[in-house]
């Protein structure tokens, strides 16, 4: 048709090319990063370390003493259930 | 006296007129709205739905798991009181 | 050397002079303030009044009813421990 | 170096302080005192008071305008209050954001349960317009130098609604903004002193003891639709009130709709608090001696008191009229709550009612006219902006 | 006074309202309805809808530009949405801050556990570029008046990422911003309706039932280093994507590093909420009848739907190809999550997977392509800004 | 299309990156590393580090100035850091808001219990002015290109107070802002390493073991009046310090007065966090290679260390002198806390005291000079702004 379509096609080819190029590089960079990190700094039990957003939110909202109190309450609750 | 006073009187008359006009229209609009809504979408128990600010705040601050824990603690507390 | 050094020395002398002047005035002003306040408005037990940031934060995050619940839970917990 | 020392001395407040500035610093400290010790609307009066102290420190440059060179580079930065005032108050942004937050804290339930109470919110606005006449008379008689715009901005004090007063004053009479805001918030804090005598004078013991029937339950749907209705009515009948009413209703809709709780929560906490700090400092910046220390300020303070009193009286009288012609009983005291000053005026109505009858709980009944008064003031503000500006 | 009354009447919406404005107010109300009743991305569509209502109130001046006199004093303040739009959207600040907050809420863990899924996030961006061709064809054939910049901005709807769409549109096609943002958020909300039929059409029951091996545990260190790697790659290969990716990764780094929890907490709560309110009102300001009520909007809505569909399809097809050539099984459904629309698209993949096999939990597996899709869209946006702008 | 591909290649960082930018990106990453791994003031150094990375990405345009056409329409939006830097740092707004938040987190109690410790906060400022002489000597001797304004801005590093340093540097030496801020925060983080050797060298074991009498209880009223006294003294004696001291005391007053808890809470949480993020990114924007990679930066880093050391030493010496002439015992270690670096320096004093005597708890005693140091630095900053600017 005209130059507009040509430009659009160019954008598509370059765009998809670049998206794939970037993310493929990222795959290799990520893999490389992970293997380097896990080789030089192996972490024994990372599962427990994993912080998630809700945990943070609770930590913020609830002060440590209160946490102790609640933990105690729950513990009490469980004990009494078992009896 | 002069034009200023005249303007002031005009503002008063128009102002009070408009305030009453607007709020009277609002009375009818509100009444009409309420009767329409309650006719087409009757709500059986709206009292429980009524959300108030403090309830929202608590929802925000307390995460669901914690709520369960506390509910359990309270329940426990009540049970033990009854004994 | 030149005017720059002179200016620097001037800044040092004036600066340290002013810092000491200001803080010495502040010592007297503070002392005067404290003695005036404690003379005219003696406070019997100010230690308990002292508010700290974490207390405020907890007040914000925890709604009164919840506090009651938790206090109850804690009370329960302690009672059961004593048994 | 002696010259530098002299410069430093010339920079001190001791050397530069003018009497007017000294007086205004004292006024600022008085506001701080009232806020902390007397509990006068501390959220606003504390920042306003400190802002007044700051702006009157000679040479501190809190209101200094920034200076740019020919190519547009900043050669001298402006002062904190300059940026706050011109960025948030002159533009109207801060009052509108406060209004959004207040909307997110408002419960229209009691008003929706008894929409007739909107009339009380309308009647109490008579304080506004009566005061306009008062200000106009002072202006026309040459006693004080008030234009129609000034008179309108002064009248709005009678709306008993801080953000509305600041919004209108910033548009109609920026020079009077400081005095108007101080008067508005001070009298709002004084509602428990100003209103009860007027309420008692206009009502009999028997009227004050009238119990009202319990309010019907309002559904969630009504609460959601109502703010939209108000926006649309504002759009139809009074677009000049749409910024205030629109933001108010937007905030209320965020609260009631239940699907954007995190936005509603921020609007009524972090955001409104941030804006309140800035609004206070910005309003305080208008408490300069040039703007404040003159006869007009006395006039504003006096007229503001008149406005509150007339608003209270007209609300009570309207409630008495309604009580006469309505099927259900209406306690005239709740009319006083129509001036706004949420929720103080409603609490005052409740308290005066309890004095007459220990079982007479008017609080929820008074909340209806109370929030209606906010809408009424915003409508009055819209009329003024349209009438004076157009 | 009659003239004043006439003025007041001439100021009313009833007198001034044009048909286009009326229609756009209805569109705004429709968005509010969809947000509240249908739960369509309410955090954005509610403010956008109210913003659309506000901007179309005749005479309310929400988009009025401020007027200054010759010496630079403000003679007439601007409207709320004027300041919001020009201060935060035209400048790109709000989308970038939203991106920071979203980064602080994103967990790259599942993606890091299985980096191959980044390919799915790449493939799903084909929806973007295919749509560009569609828009270009409409433009080239003269049916609609689309330039290359318009076409690029429309295509980004297929990225299924609101802030990216707003950022690109504000730079390439500000006039289409309203329609593009509405389309982007509406279709993101419609993901549970749009995607499943396409996913089912392109996969067999057996494929949908494929279980994937459990993801390995990702260490904290990997999560901390990853956002830095992304920033550096953006710096090296695509600086035009660096604003979006940089702020996204900055937010994520604040979350993962564990030493600035208070900043991370604010970025994903108070700050993002404040900006969301403003962003919504600002986007709403572009829903004026002049910009919205024309054939192009229909084209944008249609093309957006096409973009989503093609993106979903290409993600699924890529996942099928990977499943064929990869050692480990890959359920093709997770390819659909590559369009972004976090976390809705991942949930949809999980749901469709559960239909085929009650024990098939794909959620975490789909989160990888899901966040990869955000990066992919940002890269696509960078290419567009560089290609069209350069 | 080949030309477009070439354009895209020319846009990449690989093609454009200059050595200086590469080095500065590494410097930014180093700051991020120090923040996360070493815990160096992470709240500031993390955003500063990322800001440094961002601003040095070639072609990303984070510091691009907006471009307007002849009639004032935006043709090309500015970069994120451009708006942050010019909006909040050049104007001084962000440091002042941080100061307000810090004030709302400060407890003047220990200082009020023992006002003499204000002298320690004064003495420790000698580090500032000795460093000015050092910088002036480097400038006068032609080794480095320092003006008096530069020397003053460098000296303020010795104040061990980040916002004060940024505020002064933004006014006196914007080009050095990046290096000064980095030096200030780095050395604040290094206080536990820098101070103890100096403290031990200047004191005997016996002196370090001195126990101090328990502090008297300070009443709430004293805490409320004190910030007002400071504001008024600043107004009288040093208006150029009034912005810093005023905002600091305003924050403190909000905290202590007890009637505006919601404002105080926001000032020390949401607001300070938001501003900290922006401040960090804005300061990072001054870490461009042109401003940072030169001999002057080395000079600044070296002089900053000197400033800290001299400040620590002069605080300790002053405490020894006071111990000699005072009735009550004063442990010379608490003098080191006079440099500010709240609360790190007080903790260091406590720790070194505990080493000499297991029962010697100096923390609360050291908090007095510690907060006095903040006031002292602000006063020093005021003198500098007045002396150099006037």
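Before moving on, here are some points about what is shown:
A, B, C, D, E and F are the chain letters, set down in written order, and residue numbers restart from 1 in every chain.
Heads up, the rule we're going with is that a residue touches a chain if its C-beta (ideal position, glycine included) is under 8 Å from a C-beta of that chain, and two chains touch if they have at least 3 such contacts.
This structure is a prediction, so every number in the text was calculated from the model and none was measured.
Common neighbours of subunit D and subunit E, by the contact definition above: B, F. Across C-D and A-E, it is A-E that has more C-beta pairs touching. We define each chain's centre as the mean of its Cα atoms; on that basis subunit A and subunit B are separated by 40 Å. Distance between subunit B and subunit D, defined via averaged C-alpha coordinates, is recorded as 21 Å. Separation between the centroids of subunit B and subunit E, computed from CA atoms only, is 33 Å. In subunit A, the residues that reach two or more other chains under the touch definition are 9-10, 14, 18, 57, 61-62, 70, 73, 76, 80. Within subunit F, residues 4, 8, 237-238, 258, 265, 269-270, 383, 387 each touch two or more of the remaining chains.
Interface residues of subunit F facing subunit D in the complex, by the touch rule stated above, are 86, 90-93, 96, 100, 170-171, 224, 228, 231-232, 234-240, 242-243, 246-247, 250, 253-254, 257-260, 262-263, 265-267, 269-271, 383, 386-387, 390.
Residues 1, 4-5, 8 of subunit E are the ones touching subunit B in the complex. Across the complex, subunit D is touched by residues 6, 9-10, 13-14, 18 of subunit C. Note for the complex: subunit F touches subunit C at residues 105, 107, 109, 112, 115-116, 118-119, 121-122, 125-126, 128-130, 132-133, 135-137, 139-141, 147-148, 151-152, 217-222, 225-226, 229-230, 233, 237-238, 255, 258, 261, 264-265, 268, 372, 375-376, 379-380, 383-384, 387-388. Residues of subunit C touching subunit F in their complex: 1-2, 4-5, 7-12, 14-16, 18-27, 29-31, 33-34, 37-38, 41, 43, 46-47, 49-53, 56-57, 60.
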